[in-house]
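Pasting a structure here, questions to come.
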Amino acid sequence: MDGSMNEDWQENARMIVESARAVVPADGALDRVRKARFDGAGFDRAVMQQAAELGWPLMWIGEEAGGLGLGLRETCALMEVLGRGLVPEPVLSTMMAGALLQEALPETVMTGEAVILTAWQDVTGALDWQGGAKGDLLIGTKVNLRGAVEADLFAIVTDAGLAVVPRSAEGLTIETAETLDGGTMDHLHMTGVAADFLPCARVEAVLQDATLAHSAYLLGLADRALEITLDYLRVRKQFDRPIGSFQSLQHRATEMKIQLELTRAAIAATARRFDTGADAATRAAGAARCKLRAAELAMLVAREAVQMHGAMGITDEADIGLFVRKAMTEANLFGSPRQQRRMLATRLVQEEAA
Amino acid sequence: MDGSMNEDWQENARMIVESARAVVPADGALDRVRKARFDGAGFDRAVMQQAAELGWPLMWIGEEAGGLGLGLRETCALMEVLGRGLVPEPVLSTMMAGALLQEALPETVMTGEAVILTAWQDVTGALDWQGGAKGDLLIGTKVNLRGAVEADLFAIVTDAGLAVVPRSAEGLTIETAETLDGGTMDHLHMTGVAADFLPCARVEAVLQDATLAHSAYLLGLADRALEITLDYLRVRKQFDRPIGSFQSLQHRATEMKIQLELTRAAIAATARRFDTGADAATRAAGAARCKLRAAELAMLVAREAVQMHGAMGITDEADIGLFVRKAMTEANLFGSPRQQRRMLATRLVQEEAA
Amino acid sequence: MTALPDYNAMSDAEFRRTARNFVETNYPDIPRYSLSRLHWDEVKPWYMVLSEHGWICPTWPRKHGGMGLNAGKHLILIEEFERYGAARVNDIGPVMLGPLLLKHGTEAQKAHFLPRILSGEDVWAQGYSEPGAGSDLAAVRCEAVLDGEEWVINGQKTWCTLGMDANWIFILARTDETVKKQAGISFLLVPMDARGVTIRNIENLELEAEFCEVFFDDVRVPADHIVGRINDGWSVAKALLGHERVFIGAPRLSAAALSRLKRIAQRAGAWDDPVFRDRYVALQCDVLDLSDLFETYVDRLRDGREIGADVAMLKIFQSELYQRISELMMQVAEEDAGLRHAPEGDRQLHAAATYLSARPTTIFGGSTEIMRNVLAKAVLELPS
Amino acid sequence: MTALPDYNAMSDAEFRRTARNFVETNYPDIPRYSLSRLHWDEVKPWYMVLSEHGWICPTWPRKHGGMGLNAGKHLILIEEFERYGAARVNDIGPVMLGPLLLKHGTEAQKAHFLPRILSGEDVWAQGYSEPGAGSDLAAVRCEAVLDGEEWVINGQKTWCTLGMDANWIFILARTDETVKKQAGISFLLVPMDARGVTIRNIENLELEAEFCEVFFDDVRVPADHIVGRINDGWSVAKALLGHERVFIGAPRLSAAALSRLKRIAQRAGAWDDPVFRDRYVALQCDVLDLSDLFETYVDRLRDGREIGADVAMLKIFQSELYQRISELMMQVAEEDAGLRHAPEGDRQLHAAATYLSARPTTIFGGSTEIMRNVLAKAVLELPS
């Protein structure tokens, strides 16, 4: 990697982060996010429209196919900002659809008219994505889509290829459940949906990219939650002293900071490896490692943030609660820490056998 | 259990603890223990003589067989005191021999003339004891005896029964290795040792008793190590303040104290259950649980004690180091925490199958 | 209501059967095993059943309308009610104010207030905490000034558990600004419907209104609505809660959570995973060892011995254990960890409910940090 | 000794080959991969080889006899030496005193002392710590009084690493009692064979004499044996250690321990245990993530950017990680955890050696507690 390429991605990342200001207030205000909760799918279509105008669905579409052709470093920079702002819109799922479909991404998605989500996961608690197709029909279940009840299209991943179907497709039903963050977690049940299957060889790679990007979202979430908590520690007094002066809280705060910087460094280094041609094993292990640490970070900060906020921490009116509920909702997506450790342990066995 | 029995054991325990003062100085001085290190097997035969005179080898021999017939509550009270004093003599191994042999315990052991050790463990890292006998010969290995190189007799546990053999027995060789605490960890290699086998149905029970008693030794060790550390925290100054006033050290000290009291309560309750007729499953689970917590306690206190002593903690001249090295040497005996958790997990599976 | 038998004279086993039979027979058609507190409109039928049978105030003396239970029997009662999953009633009157009036109240106060707690006519709220004071309860800013025959109260209380259900509240108010902060506090009784009292609900992380803030704006109450002497409210409020301090460290909450963890793991397919098993047995040992430690305190209560500052160990370990179990639940629940409502409509399978309900246990009733400070000083004798 | 090539002009790969070749070719017949420090009589051959080739002071400027390596090249050198398991020499002269004299020393001091470090004629010890002062380095009680043309020194220093091997020691001494504690300290150079200097060895937990105490009893040294100005010793001593602060957080110690953990687990039959695997991969991720974090600091060094107080994160995490790995070793070593010497004569299999060698890493060079205090204040901006 030479100096000029280095500057290229940094300049791109800077611009993307700048553009995200349209969606994420610079002052960290969460009024919009708070209002969007528990209202339908918990996200705002107008914001998805903005995201489309900013070109985010095109992030992972090659320039030759009319996309932005950006890498993981730029993506992670964006996702971190979205995580800081607890942005509830399914931006990542849309980017995944773009990455999978490339030039086949529907025009309506590019214009922001339609919202597309990627449906890949076969069952809760595992990362399998091969199911869903029988012959030329979609038959089966795809689980754990965020906000599917208000999406227009689904990019459905199967081992027979990719299918794009509208929410209204015959034979498609949605089982929806509210999530703690005010959104929904939805399963698609497909009892024979007619579909054209597009070939797609990039599913594993896109899932790894998305896992890394999702880790960056959790990093941003944790980073902002720690900032808010540190602010509270500086201001809040007990026994006539700021509670942030108590050594036990100070030491626990430094532990959060260390975990945060480990996560940041791992994600940055892994994104760079992804962008500069890592092999399949490096990609798989890198995504797993980042997701593992980011999820544990988010839950560590959530737990400590509540405790350090004291009684305020368990009220819904304090913003810190929004971070806690988001961490609880999102930490296990794209493979929980348990799954990631299991996967890494399995790889260890395989490496030895090889 | 009625009130008078209750008082009985307490009075017995008080007397035994009192008698232990002959071996363990009341002021906690460790000069004798320090001196005994790295000198042969690392224990003092004169002290074993005292132990015999105090009747300790008879602890677990029934009154009808001429023993003390005492229970686990009294034993744990004694073992805790021995642990506080880091007593290196193989008292427990001798008590086990008594429990297994009952009236067959050699007279020389009762008088203190001879030291007998119990050899039960077949391999490192597992609790199997069935090996060692073929036909009417002792053939095989018994591992991890403390101080076998200076013992006179061995009570060898096999599935063919119990054999008592002298150290000089033909076909018996001892493989010895120094341990961190200044003693030895020895393996007996038996290539056809002639022996009479006494029937013994109590092996599992005696091993459970010994596991519990060893837990009490670790409890005493940890208790005294914590006391020494707390004393240090009260006295030692840094930046013109006693370091025990720093909140982070205070909170970590409270965690040690809580773990200590959990261990103490678990051992006391389990010893009571042992003494008042617990079933086999309760005994097995109770011994495992006590050993698990006591070993983790000892290692927790060792780790924190070194850290809280700062540079002093890593010198050999500070007494705290003696506790650290003893914990390192003894924590994994009678089943490491890993072994105990594995055993408990296996029981969980078996309970479900039943 | 007929005269109650002498429960303390029963054997433990007999009383346990009695208590079990009582709850099984009399528990009304309201939720059981609820992780969140029920409001008065839901739980009132149970309160009234207890009231009618004379079981609403187990620890009060019999001559004052209680059951007169000793600590051992009280524990059995609690165990049997919890085993059945009986809801916790609005118990600040029976548990806190009653014993406090019995110790510090005038005869007139006892005669007036105790029967109304027993009957369920009065439901009490506690007004100790104030915004910005946290665990520093002596940092009272809410003030009361004696104006002729009336106290005039101005200020604010917060974190009043189920305060919106109460018709009375007891508060600590500052009645002397000029002295050390503990010395100028009085203990006052205030009707919630007094002019100038307003309430604002606080939603918790579970989005339920479990707490409220109470604002006092020139609220007037008669001068005799004080318990204890003027400026002596701190010692009134600090009066020992007796065995409540022990019971808050009981292993039941963790034991129940552990059985839910097992069900969640079974549903998620984690139950047969050796890695999960290893963590599960470690937590199981924690629960069992906590039970053994808890019993040593119960024994002390039974023997009438003193309970010292070391009892804080129980609450610290129990609350953190409960949280650790809930955190493992969240891990094994996989993507379902984020669900707002119970999967399959089964509360037992709802990891997030336990996770959230476990959060306040290390904050309220003395935060873990405060209790560790106390332990370090009072028990470990570490310097300040 | 011939003139050295310009190593900084080499590509990283080329310099790595050069360094690897150097150590493979020149390393003498002394122990490799030693967990404990070697004494001068053991390690001297390696010091002398480095000295003869001009490689003993990698970071000193070339005109002063160093290699003049920049941070990136220096890191490669360290990596290659560590990969080979080369012993650490008595490096207080090359690493600490040399750079300090280059910055604060007089021309005469540089001319006299630097060549003697380069040649191995002088072996230095560090005399900062005093009994009872711990991490509070400014709490200097050892005093020096100017008596005509000589300093007269009385007091004690301790924790002098390999001090018994040294013929010189630099110390912080109190030269003004009347001012704030940092303000009255001077930096003095003392020959170990001066009259009135006595040494007492301190055995560590591994029963090796790694440290000593040094006593000064009316020790006299010439007035010009001071570095920097009188009473300005604190700022001399606090002079940045540069990239040493980064390298102390390098992941190599933990990475090497992890590979030993694997071997110990294999020997104990734990390697195939899923429970062990789960913990192992978590530690492996810790090592890899630490490596990524470490690299961000190395990049900063390479780019010539400033290293701030946040670098303490590296040392805290690395040392605690090293300890956690060593603690898992002790668990899987089962009964062999207690062995004083390596099982099967193989140091790699000796859990206790790693466990003990990991203890000082969180105590020396700034204890973890002190470093967390610094982080909390300087980086997290939490109040005092």
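Labels for the chains are A, B, C and D, by order of writing; each one numbers its residues from 1.
In this text, a contact is a pair of C-beta atoms (placed from the backbone, for glycine too) under 8 Å apart; a residue touches a chain by one contact, two chains touch by 3 or more.
All figures in this text were calculated on a predicted structure; none of them were measured in a lab.
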Longest centre-to-centre distance from chain A, chain (CA-based): B
Result of counting contacting C-beta pairs for B-D and B-C, higher pair: B-D
CA centroid of chain C to CA centroid of chain D, Å: 55
Centroid distance [mean C-alpha coordinates] between chain B and chain A, Å: 53
Gap in Å, rounded to a whole number, between the CA centres of chain C and chain B: 43
Between chain D and chain B, distance of the C-alpha-averaged centres to the nearest whole Å: 40
Where chain A touches two or more other chains, by residue: 246-251, 341-342
Set of chain C residues in contact with two or more other chains: 274-275, 278, 369, 372
Interfacial residue positions of chain B with respect to chain D in the complex: 121, 124-125, 143-144, 177-181, 185, 236-239, 243, 246, 248-249, 299, 303, 306-307, 310-311, 313-317, 321, 324-325, 328-333, 336-339, 341-342
For the chain A and chain D complex, residues of the former touching the latter: 230, 233-234, 242, 244-245, 247, 249-251, 253-254, 257-258, 261-263, 265-266, 268-270, 289, 292-293, 341-342, 344-345, 348-349
Footprint of chain B on chain C - complex, ascending: 274, 277-278, 280-282, 284-286, 288-290, 292-293, 295-296, 310, 313, 316-317, 369, 372-373, 375-377, 379-384
Parts of chain A lying in touch with chain B, wherever the complex brings them together: 246-248, 250-251
In the complex with chain A, residue positions of chain C that touch it: 129, 132-136, 139, 158-159, 202-205, 207, 211, 268-270, 275-276, 323, 327, 330-341, 343, 352, 355-356, 359-360, 362-364, 367-369, 372
